[in-house]
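The letters A, B, C, D, E and F name the chains in turn, as written, and every chain counts its residues from 1.
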Amino acid sequence: MDAAEMKKQFANQIRSGESVDDRFVVSEKFLARKKDGNPFLTLAFSDKTGVVKGVAWDDAENLARTVAIGDIVHVTGVANQYRETIQIIVKSMAAVPRDTVEPSDFIASTRRNTDQMMERLMKVADTIKTPHLKALLAAFWEDDDFVRQFKTAPAAKKMHHAYIGGLLEHTLSLALLADRVAEHYGGIDRDMLIAGAILHDIGKTRELEYENRIDYSMAGRLMSHIVIGIEMIEKKIAAMNHFPPVPALLLKHMVISHHGSRELGSPEPPKTLESVLLNYLDEIDAKINGIREFMASHEPGAEWTSYHKLLERFFYKGT
Amino acid sequence: MDAAEMKKQFANQIRSGESVDDRFVVSEKFLARKKDGNPFLTLAFSDKTGVVKGVAWDDAENLARTVAIGDIVHVTGVANQYRETIQIIVKSMAAVPRDTVEPSDFIASTRRNTDQMMERLMKVADTIKTPHLKALLAAFWEDDDFVRQFKTAPAAKKMHHAYIGGLLEHTLSLALLADRVAEHYGGIDRDMLIAGAILHDIGKTRELEYENRIDYSMAGRLMSHIVIGIEMIEKKIAAMNHFPPVPALLLKHMVISHHGSRELGSPEPPKTLESVLLNYLDEIDAKINGIREFMASHEPGAEWTSYHKLLERFFYKGT
Amino acid sequence: MDAAEMKKQFANQIRSGESVDDRFVVSEKFLARKKDGNPFLTLAFSDKTGVVKGVAWDDAENLARTVAIGDIVHVTGVANQYRETIQIIVKSMAAVPRDTVEPSDFIASTRRNTDQMMERLMKVADTIKTPHLKALLAAFWEDDDFVRQFKTAPAAKKMHHAYIGGLLEHTLSLALLADRVAEHYGGIDRDMLIAGAILHDIGKTRELEYENRIDYSMAGRLMSHIVIGIEMIEKKIAAMNHFPPVPALLLKHMVISHHGSRELGSPEPPKTLESVLLNYLDEIDAKINGIREFMASHEPGAEWTSYHKLLERFFYKGT
Amino acid sequence: MDAAEMKKQFANQIRSGESVDDRFVVSEKFLARKKDGNPFLTLAFSDKTGVVKGVAWDDAENLARTVAIGDIVHVTGVANQYRETIQIIVKSMAAVPRDTVEPSDFIASTRRNTDQMMERLMKVADTIKTPHLKALLAAFWEDDDFVRQFKTAPAAKKMHHAYIGGLLEHTLSLALLADRVAEHYGGIDRDMLIAGAILHDIGKTRELEYENRIDYSMAGRLMSHIVIGIEMIEKKIAAMNHFPPVPALLLKHMVISHHGSRELGSPEPPKTLESVLLNYLDEIDAKINGIREFMASHEPGAEWTSYHKLLERFFYKGT
Amino acid sequence: MDAAEMKKQFANQIRSGESVDDRFVVSEKFLARKKDGNPFLTLAFSDKTGVVKGVAWDDAENLARTVAIGDIVHVTGVANQYRETIQIIVKSMAAVPRDTVEPSDFIASTRRNTDQMMERLMKVADTIKTPHLKALLAAFWEDDDFVRQFKTAPAAKKMHHAYIGGLLEHTLSLALLADRVAEHYGGIDRDMLIAGAILHDIGKTRELEYENRIDYSMAGRLMSHIVIGIEMIEKKIAAMNHFPPVPALLLKHMVISHHGSRELGSPEPPKTLESVLLNYLDEIDAKINGIREFMASHEPGAEWTSYHKLLERFFYKGT
Amino acid sequence: MDAAEMKKQFANQIRSGESVDDRFVVSEKFLARKKDGNPFLTLAFSDKTGVVKGVAWDDAENLARTVAIGDIVHVTGVANQYRETIQIIVKSMAAVPRDTVEPSDFIASTRRNTDQMMERLMKVADTIKTPHLKALLAAFWEDDDFVRQFKTAPAAKKMHHAYIGGLLEHTLSLALLADRVAEHYGGIDRDMLIAGAILHDIGKTRELEYENRIDYSMAGRLMSHIVIGIEMIEKKIAAMNHFPPVPALLLKHMVISHHGSRELGSPEPPKTLESVLLNYLDEIDAKINGIREFMASHEPGAEWTSYHKLLERFFYKGT
């Protein structure tokens, strides 16, 4: 990585008239055809700061063949303004090896140490006493492919924890929050709550693609992370042979219902105390993280953030 | 069955003051406690015409132990009116063997021949040419447990095809309707559409309980028939070893999206032409069946039905 | 209280044909007129178990004058069924002194010790370090009228903590929950969060009437507990003379926004981290309490509750 | 009318056990079949106070033939309670001539003088100066069938002005209100506003049936009063030959858009100042009339009404 | 048409800095006034590829007089970027005769043969056996003005079949689809269904303007195609003299209710089996056509479309 | 004011490439940091015609210190296009004294005379006869700070009466409209209606900032004008000592409920005849004013306005 060249141009700062000569991720690629029948290539280039459009008028078919969505490419060209947006008129574009770049230039990452977070999460999991739940989590931890993806995946494309390691960061925060709240109310099955918190979003390891850029995968668009997560849990449970059926249903119900209502994507609403609680705690963790990220994207000095379009309000952040 | 005694009293016709002496299914059972500490038993009794409440003041704990929800019991007692409803004051209640009753007295059944419907559906399935889809359906047909449940299950607790054999009747009707429409539009993958039509509701075989009465099962309430159906398909696909991954996703997407929107219980909306079409055809078949059943429940002579509470309108049925 | 006669008939257990001879709270009273011009009196009688309708055909105008809504009266008469409901045909009805009855027969109360809860809440308040917030809470604690009402008021007419002492029970639970969560996230003003949790619902001391029965007061119907609460806080703040203006706005915002959205009655949605968090924690405490009360109203033995009409689902409570 | 016998039993006051021997309107009639194959007749009887159910066990087919929905019949029988409702067990039932009854016993009427109201409305219409609008209204006034229906029709089945003459009463009130408001704002075409106010609901003369009882007509259910009204106006305009096309569109738009939005039944929302204003004034007149009727149905003495289910609140009416 | 000059510049491809010298349709025209009091003219120019803004600083009042919305004009000038959009600074602009241009350059057309489609539709209409429905359709076919408009009109401004001939294409597809489905269910009045399918959207011939460009007409905006269609049918029915009243209501109901609900613009929801079915089939035909057009606007190679803003999802189109 | 320099450049007319040299209000100011660590300043400049963005690359920290949001500054620089918007590259920027500018250049004002409007409103208030209501209004008129703010405040940031003096203009119009309507219906407390109309929006004097530009104040965002208004009224009532409690509740209810429903920001819906009426009249005055302003922003000549995004329709304004 020492040899990795530093990136100097970033997607959200390129201005009209500027020469472009740097590396970007290809995040969209459509081959189109002009009225005179000649092909051209419309593109989008991304890095950790955002996305910038591009167009290649010459050699379009050849370029379309040689670069793929997700590739890191070296682009030269000139930026100009077209309609509502900046667009790079591409002169040349060629894929570069991944080991010649600094990955964190292209996709944002958690600021926290993923190994430490993983270790911390496993410790929380170790406090679970119910044998079959403990065994199920152990089965996930022993699955190296899973652990690698789980430590890398973001928790979302936008909105909250939308960065490499975000899924683990969100999961750990939620598990610790559940741990704080579990004993406030009597009658809560603490082990079920903690296990649900740890497993609720594991489908996101396959719902999203997060090699170089974050986007939905084909499986994500067609199945949703909830259904993918159920398949992952069911597969591990089937391999265990001895997981009792009622707790299996109750655990899967935690995953199925964790969005809280059908409108929000859960085929069934929460019907147990543990799933009702998990839904609220998950919403707290997502919203507080999202709002804090939004506040942090504003420099100190102003008391109010700009308007948050999705949440439809200004936030007061103090000075 | 010859020996089966004919049922004479039906749930929706019992009137205040009437003596009760007949068989019913126990569909609800709660042990409660009076102010003076003595237990009593609240019950619900059902048959093919509906449900009637019941209460046992004496010997409550013993009765609670000896009958289970779903049992067919012989009840004696007197009906009276309590608040908004008729209620049987139970004098005696005892389970009777299932072979001493006529099952169709207790739960409504399709008026059509299920063997013939099954045969017809298999013929439609046979017109599918894509090898892996054909093989998947064959795997279901060869699964005797599945076929038995699939021929018996209702399609719903209320609203449409809510009777024994209703799932098969609805599935066959939908598959034939899909067959009529498939070639109207170019670019439709007919085999995918037909396979999706046949498999879209198979999760209902486990979402509902339909032994003696129709109700949601524990798995149904906690998981929904959509997620159950995905588990059933995934299990068959996993056993096939060679099912190609993209068609597997597309087929599962048909099941996942067949309610059309998150509000209606689909975690993802339809994103392929075939799934868009399946969603509409399913809605047509459910609505037309439901409205026709509703019209048929009114005697000839009146042009209009009574008010349909769920669909919020009167229907014109002509004379 | 020793002399208080035990109540034997309860509103939710009176059956058609039964003689009535016991005390109830008058919770509704309308003087109406028959076609022949003679007046009659429609009534509702309540106790801790619910409400039963009543009608007095004779001496209606006199009775209307001598009893008031909220009075405890001794009623004699006969219960019969009228349309969808049980109704007492009143023969006699006369107010009885409050000290001849056991108040807890007429209105449900918290099962917990209110003095201990109050003491515990004051201890939580004592952990607040910000001087003006600490002083404001002290001002409330020194207001004997307020403390008396605060220890007695229910938190709602229905749904959750709908019993004498329910407001205090809910407030204490919320303050303790806030205490558990406050330090999970950095950047939260713990003192503001705790103060907001303690004061968020104080308007309910005047929104509801809870002498003998729970109902909305005139001020509650016309102003809502949120606006009443703001008036109460503003009055205390004005008397303090030195409460800094920005924290005053931020604290009042906690109260104004604690329902989370306009649809749910908050004129402004939460715009600070603390108010976002308070809104979720309040919802958790209300929902978990409500669902647990609902589960507890079912006898052990059944795994599922009956259908919860407002939350539109069955709940799994286990055995 | 002198000979008309006074009605003594009214639908909303019949109690269980009472003998029935009086005249009612037949408002529903369904021939059904018992399990043993014998027919019975379910009925509903109405008068100005409401509706009561009925059933005839004997001679059902004959009775079904000899009475029609809308007939006034003399009924004898006994009232009892069946499930949630009072029901007359019919012994005999025979149609009586309309001139032997007092019509106002069967269907409520405006308390105001319809001739005077009609005269007053025509005077308002006379203040319109635009020739084609004046001529169009004249064409309606000269249509005797229309005037007769317009003076008799109710404005609704429920909710507001739901009585004979209610349409005229509502129309007059709205026209006078429009007159008061028309000149408050500059740029309003007063003549268009007044003409729209007068004609906005004329389709209700055919949307509803109001001979003996108020119910939707077949045309009303299938077409809505908005579309019926457009047909009525278009027919008159076509007969005039010289009505200019743009004002014709603008006037019809007043009728089409007067419910304010698609959700409320207007195919297009108001797009002119006059139609925006008409929509609000119509809503004021309907709501104020409806709430005042609701308040008036409560005896003096209580400050608050009972709960208004549709408007979802209690109203404060003062003492 | 031989002499028609080929258009070379298209609205969606004009870039900043480019000289403009070609023909466009004037689709918007507003005369505005600068701070110094001088007038200027803001314009929009359209062709089959879309719309581009324009502004004329000089000679504005004269230009405003000499060109009308809907004219085809020859424009010269320079394109530049203004705020979020490309804008032509107009140097000269003059109307050109319609026969010197190729109409299909300015407004998109169906790719199918309208005469053949019309013939096919008439054949479907011929299969109707009910005399009055057959006669009504014949009355439309004999109305040359109607047929000419019906063969030309688009089915919408956007979304589906939004091109010349689109109404006929949609109507034919729907009628053939109805034909396939009509006999799948018993109890459907096939003739009513087919007649409804053919007539459901005829109001669009007047709801839209489609001379040179597609936009709503004044009648369309003020009345909606549903009400216009009813007027057209009612006029033909009135001229027939013998059309029976009940079928007339039922047929008009097909048109009135074909959007399915008030929210979507139907004053009454479908209340007959035929209208329920028509509503779904209409929605299938519109959606499938719209999605296929959207898929087809993407070049082969990519599996997924771009994001569909109105339907709020990506579509999988395969490769 | 004579010496005030005329403003020549206006925010909504600055074009790319233009030199900027004029006065504007600073309406946004955020200090940001480039990748290389150097600070820059993003700005927004407003005047009565709208808002234009700005950026200062040099001397950013110094500029950030010396100008405040709300200052009028003299700006020099060059305008260019950046992404979707025009942006001034600031060369210099310095605050100018308020008395060297013409205030009406920076913020739009009512076209009517505020002194005359105030006088007129006080006359309407004088027609109130109920002593405590009359006295309460007098208390407001005697509060010079209040009157000054009340005569200056706008009624909104956007949509309707969004200009200096707009609150008074709207309040006067509403009071006069209420006066016209009050006597149309019997049973309306005219004094309560008029008093409510006058006071309903007084919280807007503090909800908005309107020195040089219109924006929400901190109190406005955190409390809403409804709650602020209640605090203002309660303070005056408390100072009067003798205001009777029930009318105080009813008056405050007019303010609390005047948006008509929770969704629209009223914590309680209208529950008195007067508050129901006030809500509709307020909506009429806001909508009619808003639509007329929108129509007036279009030059004569075109019959239709452009599309109104919030009201989702085109309006017909005639020629």
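As a working rule, a contact is a pair of C-beta atoms (placed from the backbone, for glycine too) under 8 Å apart; a residue touches a chain by one contact, two chains touch by 3 or more.
Bear in mind the structure is a predicted one, so any value in this text is a computation, not a measurement.
**Student:** For chain B, which other chain has the most distant CA centre?
**Tutor:** In terms of C-alpha centroids, the chain at the greatest distance from chain B is F.
**Student:** Angle of the rotation mapping chain A onto its copy chain D, from a C-alpha fit, rounded to a multiple of 5 degrees, please.
**Tutor:** 180
**Student:** Could you check if the interface between copies chain A and chain F is built from the same residues on both sides, meaning over half shared, or from different ones?
**Tutor:** different
**Student:** Any idea how many Å lie between the Cα centroids of chain B and chain F?
**Tutor:** The mean C-alpha positions of chain B and chain F differ by 59 Å.
**Student:** How many angstrom between the C-alpha centroids of chain E and chain D?
**Tutor:** 39
**Student:** For chain B and chain E, let me know how many angstrom lie between their CA-based centres, rounded off.
**Tutor:** 44
**Student:** Hey, what residues on chain E touch two or more of the other chains?
**Tutor:** 81, 84, 218, 221-222, 250, 271, 314, 316
**Student:** Let me know each pair of chains that touch one another.
**Tutor:** Every touching chain pair, ordered by label, is A-B, A-C, A-E, A-F, B-C, B-D, B-E, C-D, C-F, D-E, D-F, E-F.
**Student:** Residues of chain F touching chain E in their complex?
**Tutor:** 10, 13, 15-16, 81, 84-86, 298-304, 306, 314, 316
**Student:** Flag every residue of chain C that touches chain A in the complex, lowest number first.
**Tutor:** Residues of chain C touching chain A: 173, 176-177, 180-181, 184-185, 187, 250, 269, 271-273, 276-277, 280, 283-284, 287-288, 291-292, 295, 311-316.
**Student:** For chain E, which residues are in contact with chain D within the complex?
**Tutor:** 218-219, 221-224, 226-227, 230-231, 234, 246, 249-250, 252-253, 256, 262-268, 271
**Student:** For the complex, which residues does chain F have touching chain A?
**Tutor:** Spelled out, the residues of chain F in touch with chain A are 29-35, 64, 80-84, 216, 218, 221-222.
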